[in-house]
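Alright, structures below, take your time with them.
You will see two complexes here that share chain A, one where it goes with chain B and one where it goes with chain C.
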Partner chain A sequence: MSANETYISKRLFQRHLDSVGRARLPEWWLDTQRAAWDAHLGLPHPGPTDETWRFTDTEAIRLSGFEPFPTADLLGALPAGQLRAPAPVKPPPGVVYCTLNEAIAKHADLFRAYFRARPAALGGEKFAELNAAFAACGAFLYVPDGVELTTPLFARHVLNGHNIAAFPHTLVILGKNASATLVEVFDTEYGDRLLASGVSDLHAASGARLTYIGIQNWGRQATAFHSNATSVAQDANVTTLNLHLGARYARHESHTRLDAPGGRAEILALTHADANRRLDQRTLQTHSAPDTYSNLLYKNALRDTSKTVFSGLINVEPDAQRTDAYQSNRNLLLSPDAEANSLPGLEIQANDVRCTHGATTGGIDPEQAYYMAARGIPPETANALLVEGFFEEVLGKIPERPRAPVEATLRAALARGGR
Partner chain B sequence: MQTLEIRDLAVALAATPETPIVKGLNLTVRSGEVHAIMGPNGTGKSTLSKAVAGHPDYTVTNGDILLDGKSILKMEPDERARAGLFLAFQYPSEIPGVSIANFLRAALQSRLGENENINAANYYKTLYEKMDLLQIARSFTSRSVNEGFSGGEKKRCEILQMSMLKPAFAFMDETDSGLDIDALKIVAHGVNTLRGPELGIVLITHYQRLLNYIVPDYVHVMFDGRIVKSGDKTLALELETRGYDWLKPAPQPPAAS
Partner chain C sequence: MPDTNASTHGQAAVIGLDQSAGDFTYDVKYDYDAGKGLSENTIRYISAVKKEAPWLLDFRLAALKIFLSKPMPTHWATRDLDTLDFSKIRYYLAQGQKPKRTWDEVPDDIKKTFERLGVPEQERKFLAGVEAQFDSEAAYSNVKELVAKQGVIFMNSTEALAKHPDIFRKFFGKVIPSADNKFAALNSAVFSGGSFIYVPPGVKVAQPLQAYFRINAENFGQFERTLIIADEGAELTYMEGCTAPKFSTSTLHSAVVELVALKDAKIQYITVQNWAPNVFNLVTKRGVAHGNAEIKWIDCNIGSRLTMKYPGVVLKGRRARGEVVSIALANDGQHQDTGAKMIHLADDTTSTIVSKSISIGAGRASYRGHVHVAKGLKNCKNNTECDALLINTNSRTDTYPAITVRGDANRTQHEASVSKVSAEQIFYMQQRGLTEAQAMSLSVNGFVNDLVNRFPMEYSVELKRLIDLEMEGSVG
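And then the complex of A and B:
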């Protein structure tokens, strides 16, 4: 693929703009999408020498011939059982929970104040611009100051078909001392060649508490990019968990910004890689204020000939004294042919900080495998159980209510794996 | 009535098959019997139990192991376990993140057919009954298998698993090692509770101490890879007073070169 090749033709972008016009969305939104389209065209396809794409076979990412098609967005409360149909929800007054297009039409001021205000920008800008150019699906959540949502919310974005591309964009805004939980699933029921470029940006104002869980469960032939930026204000407390279960190639970027004293973030991810799938994760923890805390724990389980990349950086700015920042990437290799690449990193410009970073990669202990066999557990089941056990440390950091259905989804993906 | 028959068995480390550790051992265990195998360290007691349970580091170089007349040597360790063999480990592995309840459930599920599923309510009912019987607190089930357990807790966990999996034959490898007297009594209570006409037990132990609490039907003394003497429980008492040396076989004359 040449550097300036377009993934989606100008004709299809024009057709997208026509549909935006028919949906009677405002002119500023059309301008925003046009500007993003131009920016997308102006950026090169990532190349083998780009540091932010190290270990990724950028030439193997084939992106032509897709037609834009929005996901079906099902919004509601978190269901008790499977993460499919949302339960009905009636949010308290002042809370806005709606699709992206509805937010553009009805809550323009709020939307424009936060839309792409602080993007992740960890190398996938070309794909984030593409998202902004075509965004027509996704979820929007606004919780006003002081409102605590006790019911976890749920959004399911479904993309079914062949040679189609979706660009879900989710924006979460929590006011001062507000609290909310959002579980978001990106799902394919049927289809093969799919492209997805998603964005989930999260904003927690001072004293807010947010739990966000994103489950990437696209079809197994999908190429998927996702960009996540999280802003944590004074004394705010944010937990993010991203599960990577689907896609043939998926790249997830996550940038967490600790902006003010007392801000705390748990940054979690679980990856199940099997077959010849490629899963790529790039993270940045930016501490720009004193007395902030962030703890990143990314765990990857790899089977077959799968390959993962983790590249992470903790950046402590000069003013961010008494920062506590941790970064850990753990890889469990279930096959001798799987490959885990890990690039943990630290950049500390303050002198009074506590920071650690590290990565480990290892296989299953043969004595553990034998112990499970000696109880009659066949190797396939034993491996699935060991992976579940490996993931438990991360799941244990999630509140009970959203954890149960997330675990069920994960178990289903593990059972499906290796087939 | 089931039978486990060990015939002229020779076992070596897979890495060094020319150097056997067990060197022609014969033993027959029937349902309902409790056998104790005693002997000093390094005589092949643990190797015997690992070979029976199919540990991949060991290889059988001669002889056979028959369960109800059928050789198990070609069976994988998990197949042997499902066929009714159980090994209580001297040093049980830790499985972080996997609760005892989920672990046992997977082990039981693996004994069912493709389309059969464990009834969760019945499973927990049985599990709690066994735990009450073995005097184990309910909170035990949500802990990760053996992770951070004391020596006594690990052994109790082994016995709980044995009671749930209902093997035909159980090898208990140095179950008493590393236990204080209170833990030893609890473990012995567990074994005595499980003892019955359906279960054959082989206790492997270094000390006579355990046999004060679990009275065996047969006692065998192992030396240099073989059983050199068999008897009833009085043999254990004799060992207690006389030690092992009187049973030491006369040194073999060096092979002619």
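And then the complex of A and C:
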């Protein structure tokens, strides 16, 4: 489809700008949003010959009739139990942890230095521009050089209603040798037809350590796009885990850049797809410096008539010698009608590297099913146990502290669907 | 073998498929020449010269329309394709219409060409039949009496169209329709030459059938069309080796090869591609395997500037099996974009893809694969392994597989690795007196050894020598 197409009317964009003005946000921010709106209009809706949308029915995600509406953002410390209300938190001096609008108003220099500085561009640019045009919610975390946050932080973005669209934008900036953990949940309590186009960009300066967990749990009728870019500087160590539990159609793009020697990234994702849901994951691991490491592991469990697409690429640039890069996509099919598409790609332009990728797709191992049956475990319970076991490999890579509540959320989603 | 070759490459003289051995051209007088460029008139001309039936002319003209309407596939393929200028290519050129029957009838200058290529007369003793394509038409064919006695039809496709129109038409264009892709459409419009083989039910052809292809005119695209049918329970091995002279401007080679393995049949198709480094080699190869049939593609790509070739098997009947074994060697200025397709359309079908590539200097080797398990099937299995070896710091390799599986009763597995030659291995060999280049060559040969050994003997020997040759000058 041609450019100038949008999913939200110009009138509603004008209304959004008015609200930004009323919130007394600075003029540069209005300019930024106007530029993004123009860029959004200038990009075409993805079509059937776009390689970055291969295996996706792009006509089925043609959208209209949404009204922008920001998420309710609940920010605090990670609670011990359910991932609902955040626990109170008092960050150490220098640390900034606030909503997006507060960051724009109070920390403009910092915000502007990093906002969309190095975005992902894996095909969803039209939706990322839409996010920038309407962004009015999300979280902002800045941890200065040398500060180590021991308390994991938590942000919950809630979107409830009908025919509304939200554009959460999260920006995480870790200074040199800083460390932090952030768990974000994108949630719907009630509502049916929703649109979400989110962005979470992560910047880890040299020596920084970051654990980021994003849990997409939008309502089951939602159409959701999400763009994630992770920059890993020298000797920095970043672990990202994205859980895909909600939405009717969800697309998640993730670009991890290893820019300087010693950078390490663990890139993880778990998907539970049931009913007629569509999950679309596109990843890129760019190694542009020598002696970097990245390890991607995406696991999808598919029930009913669900369909997933995993399209990944490891790009080792010339001179990025001694790169260690791995990419693995495992699909567990749990019904005769589920469909998994896997496109694990490599583009290697340096010779002294260790790169492997793998993709496997299959049902439950009959031997494991037999083992369970022989011990009197009913098929449904056995099935659930085996799916949990399937996910355990990924969860095991997450530090103890954020893991328990994340696991609980995942278990609740597994219990909700499919059985 | 002539001494002139030995002066350029030490071992070239003994290598039948050595690229430099094809690095010459004779001034052959072409009896039929459709000129440069492509239009309806070109096609009417080709069809008229070949005295074709009206249905075939219609088929060609329809294909031309498809070719013209399809865009270049550069949304996924290399931009290098854009350098092709279709208006500067000769689409048809023939020495004569009737293939020569015996070696004696072959003109002397053509004989010289084949001698230089290393298609020696004595080799015919070992081969069941030789169908050597010289430019558009087969220059000679010599099916051994034994094979003919078994009822096997082995001739060039033009001849087959005239002599066996019913069987030809029944299978022609069914595995690869004209609209399959832009270059299949081009081939369907202008094809000439290529082999036609029909093996009757239950006949097992003991010796491999073999054909050599040659391009011998500048800017001349070769568009052979091969159709092989193995009837129920029949078995056949077909070997295809390519070599072309070097030219200053690019040459286009766009073949279509269709295989049909009926119930319980087995077809093995072996290719060694060693075109000159200015050739665009854009080939569509696919086979249909019916119940319990087996199709195996053994594909080795060493030459050409750009090769795009993804041999495929459509597994149409229960318990059908498909296999692709692929070796690619990409040197400076070369892009080997090769791979495989496996389309599972029936229960209990299995497929295997093994691909190994070596990138030398600024060479680029890409694996592109497609594995598809259709809806509602069970017990389908695919196993894919791709290994890439990078020799120099500026070498490049890519892997682009696409795997679609529906249903929990099927299983696919894809694994790929990229590595360089182990420094420890090289050190070990150097300690024992090998030069670095020799050690490198040995190591690379070791990397592909298990695949090379699956080629027939004469090919595997040539391949190993060819790898040595390509490795020359890549170290130090």
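In the analysis below, the second predicted complex is superposed on the first by the 411 of 419 C-alpha atoms of A that agree within 3 Å, B and C clash if a C-alpha of one lies under 4 Å from a C-alpha of the other, contacts with A are read in each partner's own complex, and residues count from 1 in each chain.
As a convention for this text, a residue touches a chain if its C-beta (ideal position, glycine included) is under 8 Å from a C-beta of that chain, and two chains touch if they have at least 3 such contacts.
All values reported here derive from a predicted model rather than from experimental measurement.
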Going by the contact rule set out at the top, does A:Gln368 touch chain B (first), chain C (second), both, or neither? first
Please indicate which partner A:Thr150 is in contact with in the superposed arrangement: first for chain B, second for chain C, both, or neither. neither
Contacts of A:Phe391 with chain B and chain C, given as first, second, both or neither: first
Once the structures are superposed on A, label A:Val353 by its partner contacts, choosing first (chain B), second (chain C), both or neither. second
Where does A:Gln321 make contact in the superposed view: on chain B (first), on chain C (second), on both, or on neither? second
Which partner reaches more residues of chain A, chain B or chain C? C
Mind working out whether A:Pro379 is in touch with chain B, chain C, both or neither, as first, second, both or neither? first
Please give the residue numbers of chain B that touch chain A in the complex, ascending. 53-56, 76-78, 81-82, 86-87, 89, 92-98, 102-103, 106-107, 109-111, 144, 161, 165
Of chain A, residues touching chain C in the complex: 49-51, 54-55, 318-319, 321, 331, 333-364
Of all residues in chain A, which touch chain B in the complex? 365-368, 370-379, 381-382, 385-386, 388-393
Provide the residue numbers of chain C that touch chain A in the complex, in ascending order. 75-76, 375-376, 378, 388, 390-420
